[in-house]
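Shared between the two complexes below is subunit A, which pairs with subunit B and subunit C, respectively.
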Partner chain A sequence: MASPVLADKPAVTPLPGRRRRPGSGRRDHVIGWLLIAPAVIYFVIFLLYPALAALYYSFTDWNLRSAPNWVGPANYFDLLFDDVRYPHFWKSIRVTLQYTLIAVPLTLVTALAQALLINTIRRGSNLFRLLLFLPVVTAEAAVGAIWRWLYDPQYGLVNSFLGLFGIPGQNWLNTPELVIPALSFIAAWQCGISMIIYLAGLKGIPDSIREAAIIDGAGPVQRFRRIVVPMLRPTTFYLLVTGVIAALQVFGLVYVIFSGGGGRSVTGGPEQSGLTYVLHLYLFAFRYDAMGAACAMSFILFLFIMIITALQFRFVKQEAS
Partner chain B sequence: MIRRVTGAAAGMALLAGLVACGGDNGTASEATTLTYWMFQDRTPQAGEVVEKLRTDFEKANNVTVKIVKIPKDDYNTKLGSAVAAGTVPDVGILDQPLVARYALDGTVSEMPAGTVDEKTYYAGALNTNKVNDKIYGLPLDHTAVALFHNKKLVPTPPKTWDELKQTAAKVHQDDPKIAGMVVPKGDGYGGWMWPGFLAGAGGSLVDEKDKKILFDQQPGVDALQLWVDLLPSSPRAITDSDKAFENGLAGMMISGPWDVANIKEQFPDLEFGTAPLPYKTEPAGNIGGENAVVFSKGKNPELAWKWLTFLTNADNNTALAQALGGFPTNVAAAERDAATFGPDQAAFLEQLKVAHARPALPEWIQINDEIIAPAIESALSGKVTSQQALTEAATKTRALLGWNG
Partner chain C sequence: MRTAGKARLAPVYIALVLLAAISVIPFLWMLATSFKHGSDVYTKVPSLLPLDRKTGEWSPTLENYEHVLQVGGLGQAFLNSVWVCLILVPGKLLVDALAAYAFARIPFPGRDKLFVVLLAGMMVPTITLLVPRIHVTQALGMFDSGWGLILPNVASVLDIFLLRQFFMSLPGELEEAARIDGAGRMQIFWRIIIPLSKPVLAVVTITSFIFHWNDLVWPLVVLNDPELYTLPLALQQLASSESGRAYYIMAGAALAVIPVIVVLLIFQRRIMQGIAFTGLKS
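For the complex of A and B:
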């Protein structure tokens, strides 16, 4: 029952056919707002306000200490065109694009391969799923330490393994050309989440289709090409879009791989070959005293990600067929 | 991790907004509490030293000292956020190259005249607190790098650059699987060590008074060329291995006193010694360490300076500096206790006598990381000559600083 005071008022006549009592709308409204208030407050305080503040700071010369001075779009222009103040800005973009182009496909292929294997085996699939998922939940600092050791030019297991095939050992993390492939490989090793999502996608393919294909005489390769890949297309699309967004923002991995601990400065590996966009941003925000420019960098990245994502929605097939 | 960065930035922006509504709520009872920020203790023993100093000071002055310990890797980020939000401590540690920045924009206060006698401290260490000849902090400890040598491979450490090159060549010639020396890299850390070599050839990085870049002159070129010349006898494929020197894969390396304890603990079988850095024309070295400053927006500035003079006085400075992993900056303390530091530390003490501070320019960290380090790397990788690399770096530095010379 709505409150009698409001119900007595004749001015509001309920519309016929709708069982809506006068006044209850506003009250539902209040309750609704109360229910979502925690989420809204969280969103406004921790996401919306900081984002707007960062947008404002991107038009200032703020260094975290002095009062910010309005400089208009100068930060944006300087980042793009002033190679005295930002000598490695474009380099960081190239590094990040290179990483994205290698890491994302490699991750998708690895994840799909792992999902197919787990989907095939009858026993112990839980165990293998757990093992393959472990790299995702491992602390990033530990991942860095392990891989620095695996890639060690003297004792590293990666070189020992390649040696079995007669491939000479490489100095992975100290050769500029090899840094991005080496980092991408680590990313592919951490593909557990994509693997789980692919696994769910595989379970969603009806057995009847597979059985019909077998009756029609389709071999495993044909079934994979003609059924699995097309049926997984929505999954692949989702993983591609989120994977590209994550790869463009890669930071933790390069930070731990090249920091070596002990408070040493991270300048992005040999010849800045591992200086990713967000690492570059971080250095300007917290090491080189240019929070204003760093905020501008984050909005350039935001725009770039938005455009790339829109292009993917426009040009990549998303529907299962 | 990206979340952490954006999270930190977000939190900071938030605090910056909120603090405007805060206002000053200093009360009488807080007048006797001093907040001090420092790095996380290196060892439990170091923590005990700090704790004892704290209680001694509290008793002597009838005040409370609240110590906040922050991991070294996060310290500058946290401090920057606190400054942005106006929640600075009263007094705290500040990295040497940050003093100029924080002093020039008024974040930290100048030391009141008469607080200390300048002669109490080693000039090299005190100078890292000076900006335009004014003092903005006190040196808690100081440190330098020196030459580590594997006694089996290099029984007598080289004294000059020529001897260094010969020694490295001999080590590698005797066993091609062993490198002569771990040659520093063109990264921020190598950029911090290189000036020690440059000064060993009689050079300087810059002339701040006349606004001139000097690191591209002959001493700088020679210092960089020395590293380049060492590479054939010290292949990266060997020295890039984790702990190459500690594992006996390199005859020499350059590092600081903190590694003496590390190596003894983790590689007890390695017989090694330390020696001053080889030089060309004069003994020289770099300097690092921890300074402490008083924040302009903090409370109780007088008590804060008193705390810093307490930490750096002749009675306390040795214990504190050793807890921090460096050497006392107080001359009386150092001279009294030098004999107790042990033979491995003598080389570092020699280095500190000839230490050269980094230029007190707010842009120096960026110049070191983004200009000098890549220049070193491009010469080491053989892409350009040492002279070309440094000439180009000097041009970039001039453009960034707006200097003509």
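For the complex of A and C:
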């Protein structure tokens, strides 16, 4: 191709980017705008407008049947205080926070353990990395289907495995107290992305530090506590924040798991024990056509996520200074 | 580490084998169930192999796959998913790469401010956009259609960001030299930028294929016509309507899972690098 020939040229033009031939500037502007035009049109139609429209709808009583009427902040107040109209709003928040508090730490610990183990070995490390990554690329619809079958109270693999140790079988997805732990276990099963990012973090720890610690007589536990954990702090922090943001929005899996049997009757599991915030929102938007209320819910979530993100930046700044 | 010796690594390998087993056994269980005769599925002692429940002999069957492909509508859904990905993934890559190139390389007034606005748009949660996006899709006359699946997903700010980062890291001298030789911006894009960016283009393509092949939420809200269902949506429907027949559901799940696993096996190194890169960047 032409590139090897071209590669010889820079010597002639010592200031790349500075020398513009006259007249090329305005044409450049046009070309630049043309190239970003598709993306910008997309952005305006499918991102900017929907975001503003959602904000507007959240102050209306829009229900698809009639034109939206402005109702001010009524949706927000009703969601927070009217437990006749929205009996499960606070329940959905509790469920989501519970899930976040269990699933995120469980995922991070599993991912770190997997990364540490893989980082220790040489032979077969690619194979193990691949096998532990498989659950990540699996479609939510398939994950839900597979795990419903694994958790099957009578014929599922989970209960027969526990039976080997004399642990009595449970009806995992139909016992309110067990729903969140069961969902969290699936989340930890899918921890592959965090594992890969931890592995990259571990590779970033210089060998010299570890070797120096070994010479100084530090055992594996001490090395883990004094070197690995502190050096991985930025990674852990990043994974924690992104993990929390993702967990607050968990939807696909709970939708799939709790929509079987009755077709359209998604209820969010036994006694709403699996009714996550976004599932609750989805039901109001697409089952009960309460678009105004659903949009208000989505902005409460948005606000919450913004606060978490802002706190993260603050924390990072403190760390840096 | 050499001094550690092989014996000390034994517990590490044992732990890894156990973790890998937890990771993989659900897939083996899925496959085993999908190849079992209906009468062999519901047994007291579960089996990870398709065995006859009475004689214990090897007796796999393909009838579950035949059923879900033909009667269950998963054959049509599989083709729909293939079509959607064939149009959406390259289309999205083109839109994103063109925009990223301009953002990285072509200076024009307001460019960087615009880019910041785009990045800010990334913060809005998908669920917030979902309801109005449906409305926009209806207004454009694309609700419940193939284009309604494709167009609302045809660009990604995150991908533009990643491609821009990569384009900016390419040496500017090549381009400058090409310009002096009289090459236009588009020639430079196709002849220089694209060939030099194959690794990052591959990562973006693969991850976007996996994402859209697996996506459930958008098809769920935008489609009514079962003829148009994508594979995850059809699988979800099958899981509801055949909820007592695990062998059908697992055959359907296998159809959804296997193509992605094949892609993962082929491109595993690229995918892992891509995740480490994007993960640490953000």
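Keep in mind that, in the parts below, the second predicted complex is superposed on the first by the 262 of 321 C-alpha atoms of A that agree within 3 Å, B and C clash if a C-alpha of one lies under 4 Å from a C-alpha of the other, contacts with A are read in each partner's own complex, and residues count from 1 in each chain.
The rule we apply is simple: a residue touches a chain if its C-beta (ideal position, glycine included) is under 8 Å from a C-beta of that chain, and two chains touch if they have at least 3 such contacts.
Values in this document were obtained by computation on a predicted structure and should not be read as measured data.
Undergrad: Is A:150 touching the first partner subunit B, the second partner subunit C, both, or neither of them?
TA: After superposition on chain A, A:150 lies in contact with subunit C alone.
Undergrad: Going by the contact rule set out at the top, does A:267 touch subunit B (first), subunit C (second), both, or neither?
TA: Touch partner of A:267: subunit B, not subunit C.
Undergrad: Quick check on the superposed pair: does A:252 touch subunit B, subunit C, both, or neither? Answer first, second, both or neither.
TA: both
Undergrad: When the two structures are overlaid on chain A, which partner does A:289 contact: first (subunit B), second (subunit C), both, or neither?
TA: A:289: touches subunit B, not subunit C.
Undergrad: First (subunit B), second (subunit C), both or neither: which does A:138 touch?
TA: Second partner only, subunit C.
Undergrad: Could you say whether A:99 touches subunit B, subunit C, both of them, or neither, answering first, second, both or neither?
TA: Neither partner.
Undergrad: Looking at subunit A, does subunit B or subunit C touch a larger number of its residues?
TA: Comparing touch counts on subunit A for subunit B and subunit C gives C.
Undergrad: Can A:196 be said to touch subunit B (first), subunit C (second), both, or neither?
TA: A:196 sits against subunit C, while subunit B stays out of touch.
Undergrad: For A:49, is the partner it touches subunit B (first), subunit C (second), both, or none of the two (neither)?
TA: Touch status of A:49: both partners.
Undergrad: Contacts for A:59 in the overlay, against subunit B (first) and subunit C (second): which applies, first, second, both or neither?
TA: So A:59 meets neither subunit B nor subunit C here.
Undergrad: Following superposition on chain A, which residues of subunit A contact subunit B and also contact subunit C?
TA: In the superposed arrangement, which is not itself an observed complex, subunit A uses residues 45-47, 49-51, 53-54, 57, 140, 148-149, 152, 154-155, 249, 251-252, 255, 259, 261-263, 278, 281-282, 285-286, 291, 294-295, 298 for both subunit B and subunit C.
Undergrad: Along subunit A, where are the residues that touch subunit B in the complex?
TA: Its residues touching subunit B are 45-47, 49-51, 53-54, 57, 63-66, 84-85, 87-88, 140, 148-149, 152-155, 169, 171, 173-174, 176, 249-253, 255, 259, 261-267, 270-272, 278, 281-283, 285-289, 291, 294-295, 298.
Undergrad: Residues of subunit C touching subunit A in their complex?
TA: These residues of subunit C touch subunit A: 9, 12-13, 15-16, 19-20, 22-27, 29-30, 33, 41-43, 45-46, 95-96, 98-99, 101-103, 106-109, 111, 114, 118, 121, 123-133, 135-136, 151-152, 154-155, 157, 160, 171-181, 185-186, 191-192, 195, 210, 213-214, 216-217, 220-221, 231-233, 235-236, 239-241, 243, 246, 249-250, 252-253, 256-257, 260-261, 263-265, 268, 272, 275-276, 279-280, 282.
Undergrad: Quick one: in the complex, what on subunit B touches subunit A?
TA: 1-2, 4-6, 9-14, 16-17, 72-73, 75-77, 80-81, 83-84, 101-102, 105-107, 185-189, 236-238, 240-242, 244, 247, 249, 362, 365-366, 369-371, 373-374, 377-378, 381, 396, 399-400
Undergrad: Quick check on the complex: what are the subunit A residues that touch subunit C?
TA: 1-3, 6-7, 9-10, 12-13, 16-17, 19, 21, 24, 28-29, 31-33, 35-36, 38-40, 42-43, 45-51, 53-54, 57, 113-114, 117-118, 120-121, 124, 126, 128-135, 137-142, 144-150, 152, 154-157, 160, 189, 193, 196-197, 199-201, 235, 238, 242, 249, 251-252, 255-256, 259-263, 278, 281-282, 285-286, 291, 294-295, 298-299, 301-302, 305-306, 309
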